[in-house]
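What follows is a pair of complexes built around subunit A, which joins subunit B in one and subunit C in the other.
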Partner chain A sequence: MTTIPIPTLPVSKRISRWFGRNIIRIYAVIGFTYLFIPVFYTIAFSFNNAGKSNLIWKGFTFSNWKNPCGAPDVCNALGNSLKIGVLATFVATVLGTLIAFAIGRHAFRGRATTNLLIFLPMATPEVVLGSSLLAMFLTFHINPGFWPTVAAHVMFCISFVVVTVKARIASLDPRLEQAAMDLYANERETFRRVTLPLVMPGIAGAALLAFSLSFDDFIITNFNSGTMNTFPKFVWVSAARGIPAQANVIGSSMFLIALFVVVVGQLVNRKKAR
Partner chain B sequence: MADASSSSHGDLKLTRVTKSFGDFTAVDDLTLTIPEGSFFALLGPSGCGKTTTLRMIAGLEEPTVGSIYIGETDITTKKPYQRPVNTVFQNYALFPHLSIYENVAFGLRRRGVKDVKEQVEKVLKLVELPHLAERKPTQLSGGQQQRIALARAIVNRPALLLLDEPLGALDLKLRRQMQIELKWIQTEVGLTFVHVTHDQEEAMTMADTIAVMNEGRIEQMGSPAELYESPETAFVANFLGQSNLIRGEVTSSEAEQSVVEVHGQKVAVLKSRNRAKGKSILVGIRPEKIRISLPGDPCNGNVLTGGIVSDVSFVGVSTQYVVEMPWKQDLMVFEQNDGGTPTLRPGDPVSLSWNPPFTFGLDGSEDVNAGSEVDEPA
Partner chain C sequence: MAYLQSTVTRTGFFTAKKGRLPYLLLFPGMLWLFTFFVLPIINLAGTSTQTPVASGETGQYVQTFRLANYIDAFNQARPQFARSFLYATLATLLALAISYPLAYAIAFRSGKFKNILLVLVVAPFFTSFLLRTVAWKQILGEQGFVVPALRSMHIIGQNTSLTASALAVVTGMTYNFLPFMTLPLYASLERIDPRTLEASNDLYANGITTFRKVTFPLSMPGVVAGTLLTFIPAAGDYVNAAILGNPNTTMIGNVIDSRFFNIVDYPTAASLSFMLMAAILILVTIYIRRSGTDELV
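Then we have the complex of A and B:
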């Protein structure tokens, strides 16, 4: 009686098979590592017992987190950034949503041109926008500062809001509104009970995008804010003599808040879907 | 205002309605009365104007010319929300952000009805889905969504319920089941249903009356049996089931019937069933009315000889033959598999015969293929 040997693969083949099966996982780990190393670096150095310059690891401490406004001016700058961000976001979201509805829903003369003009600020280099805006404000004898900065932020945020909300409106099935009208809802009720709730995720997304664009903006702000400090300006200026660890605390907080919002959003959605 | 619409109950009347989009006339001078309480089907290929007609009745389009009445009320220019009309949309158009309960309650709430809860529960019971009230539309299967769309419309007890290809997105088996259910629900609630479809089988199964539409006009209107047995145009003959249409000349006329010469052979057509205006005629006969026999076998009535079987397909209840005639036209013959016909193979010579009263005559100016090449039900 002969036994038929069970064929075994040579080691080299087995290793290559293992890679074949796990290549996506390996790639994902490398990809995420690349993406998140800077974030982890930022968070880690918010715990650095840094002293003046937060460039070299000098030991672990909670003191930066206990006293985030410890560095001179950092919270003043942050406050300005938040104020500008909220104001610019609110105005840009309202105006941008209205524009998006106009472009998305109505055929009017000059719609194609409007569409193009809305895209233009996104395609223009910020340096050019910022310097031109400054020139314009000075021509009209408006001093750079808080309000000119808000106006500038509204201007460049609107385009992004329009594009985001318009995409949502375009994906809306027109039959849903027709169904609402068919079910005795007049124009106003149809908008309130069907159109707006369905476009709302797009509007919320646009607002978040506008806020992060405004909060993050340095170039245009630098031209138009005059002596007023914002958080990006503060970081830029202090980079010359050493960024205080409090900047890392604020940066880390922003990241954690964003993460929290996303996670909660996901959980709520999942619960709704169930 | 819940039943204020009762005054506007009654027959739906479209009078000389035309709808043009630029140069294109979607609906062309349409006059139509749909009696209250009937199940009416608008049947036609895509682009025939049936959906536009439905949208005008719903108020989603305004007629270019003409008027629409429900009973004594002119609704031609009324907004969709001012009409006692509800629609079951193609793909259902359920509100994705609202629960099933709120979807069904939507119309009741807008009209300020008092006993919303009671009515919603009742209609959910009618469509046999009360347990899904708290779900969202995306969590339902296609068939369930279809029923909710129906419930959302009929809960309002409209004078008129419009159904826009309501079963198009369902698979065949579910479609059959829903056809029967829809018909049952219509009888149960006693509303007027106007059903738009391109599926002739669906229209025949459910509707009391079918209007066959083509290029913005009604080709013919009648009960399913009338349309099938006595089509008045080649389009209807071909679109509703299948027909054999053979060109001929009327050669002599007797008391009740005309004698027609088709490619050298003679057949009879009842005068009452002949719609030819002159001598030129299309002789029509449905495939299942024809008997197939070997040459020389005795056969009665209208007989056409000289056929050659060119294709045989066995489909269970029947066998379908394609027979090539001497004048190079293929005729369809369906034979019941009841042992009454010989087994035939491609190449066998055969004769075809049928009972003369089954023959219908169409005007000779018509296109033999009208309506046969349009979209088949998906």
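Then we have the complex of A and C:
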């Protein structure tokens, strides 16, 4: 029996070929590692038996998770952030969705101006938005605090809602609406039973985005909230003398909750798509 | 999320209708933007030319239309202006270098894991912006793993530290604004028809040529949107500079913030804000024109 010799590449060549083929994947693994290092730190230090200053690892404990409000004022700050976030998200989502329908579904004069007014807040640095609002509130003798902060958050969230919902409206197949009309649905029924349900995932995504922008905002909030504390402000103030581990507990929980919401959203979408 | 990129399709029967409805839909949101964005900017322009009251009371100013405020403010904050634009440019380029391969891998090489990877790429940003920045302070600090590793490899000296430096500020900014780069890049890469890449291959272009001549030009809208969405917040940021920097790495945002709160010098803060906004808008306009992606706005 004769064996046919199989030509083999030298090892070095095979390795370099494997690298050539997988370089993008290797890079992606490194990239994701880089992305998650700070998250790992945030979560790890939520279990740190740290006492006041949570900068150095001192030992493992569950006590921070058992008592997330243990640090003074942290839950008050969190509560304010959640209230502002919910209110701002609701108003910005409604106003932004209305604008998105106007832009996406109607012909009207002043479209260019409208688009510009939507784009400009996104192209303006937060420090300018925040300082200009505070200057105006001061001019009109309005004290910074809860409601000025909500007004500011709605303002910077609207644009993001508009672009997100607008993209969804633009991607709709117009034949679905035509089909509804062919089946004797009038305009209102078509809108309520076909268009709106189809745009809904876009609106939900926009609301999620608005909430996370609002909840995480520091710069504009710092200018317009006066003495009211919010969660990012709490972290900012305590950053100088060491952040209590409870802040890490809250940050980690927000991360897990958001991840959960997004994953559930994806699963719901996939089920609907079937 | 195809921010800034969606073009309006004018199909569908709702388009045909004219009349008052679109204005009714626009009105509440536009009123809000006018009241809390346009009016403050106009008011800011007013504040920027005020001068202190004669009695010299802190925080009290009168309108004197003193345009020289701008020159004074600029001269005071020249290094911070330069640093803001330098750091923001560096952070944007680094973010592009990190995000592009990542977005490419997700768009073309992830198969059925595409959605999971897309969630994972945004997920780190669900933790608080400030907590992330503080985490970098820990990572780059004496107790972190980076400094000892670099020291043992003799890449940095035994006494060199990484925190409280320009390097730390740029690192933090790069990381913090990364999703604003990755998502638009992914959106534009994902839209590329794989057949165009096959066609390039069929025409004997190798991988590098295909990327240079086909993939990259087609992803240009994402590159432009991503660099803008990264550069703008980075140029106005002061959180990274405050937490990760030192007194020699302050940016324009730090100056505006301290003028407002520590010195209550509203006119200087206002003229600095106005100059920052104008500089960014001019840069953005030139950039969009140059790159030929006017559809962004």
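In this section, the second predicted complex is superposed on the first by the 258 of 274 C-alpha atoms of A that agree within 3 Å, B and C clash if a C-alpha of one lies under 4 Å from a C-alpha of the other, contacts with A are read in each partner's own complex, and residues count from 1 in each chain.
In the analysis below, contacts are C-beta pairs under 8 Å (C-beta built on N, C-alpha and C of every residue); 3 or more make two chains touch, one makes a residue touch a chain.
Just so it is clear, the model here is predicted, and its values are computed rather than measured.
Taken together through their common subunit A, the two structures put subunit B and subunit C side by side without a clash.
In the superposition on chain A, A:Tyr27 contacts subunit C only, with no contact to subunit B. Of the two partner chains placed by the overlay, only subunit C lies in contact with A:Phe255; subunit B stays clear of it.
In the superposed pair of complexes, A:Ala107 makes contact with subunit C only, with no contact to subunit B.
Judged by the touch definition given at the top, the superposed model places A:Met181 against both subunit B and subunit C. Legend: residue contacts after superposition of the two complexes on their common chain; A:Phe47 is shown touching neither subunit B nor subunit C. When the two complexes are superposed, the chain touching more residues of subunit A, out of subunit B and subunit C, is C. In the superposed model, A:Val194 lies in contact with subunit B only, and not with subunit C. Figure legend note: subunit B and subunit C, brought together by superposition on chain A, show a least Cα distance of 7 Å.
Of the residues of subunit A, those at positions 178, 181 touch subunit B in one of the two structures and subunit C in the other.
Per the touch definition, subunit B reaches subunit A in the complex via residues 58-60, 79-81, 85-87, 89-91, 93-97, 106-107, 110-111, 136, 138-139, 152-153, 156.
Taken in their complex, subunit C has these residues touching subunit A: 1-18, 21-23, 25-26, 28-30, 32-41, 43-44, 46-47, 98, 101-102, 104-106, 108-109, 115, 117, 119-132, 134-139, 141, 143, 175, 178, 228-229, 232-233, 235-239, 243, 252-253, 256-257, 260, 266, 269-270, 273-274, 276-277, 280-281, 284, 297.
Subunit A makes touch with subunit B in their complex at residues 173, 175-176, 178-186, 189, 193-194, 197-198, 272-273.
Chain contact summary for the complex, subunit A toward subunit C: residues 24-25, 27-28, 31-32, 34-39, 41-42, 45, 55-57, 91, 95-96, 98-99, 101-108, 114-129, 131-136, 138-139, 151-152, 154-155, 158-160, 162-164, 166-167, 170-172, 174, 177-178, 181, 187, 191, 205, 209, 212, 216, 218-219, 222-223, 231-232, 235-236, 239, 243, 247-248, 250-252, 254-255, 258-259, 262-263, 266.
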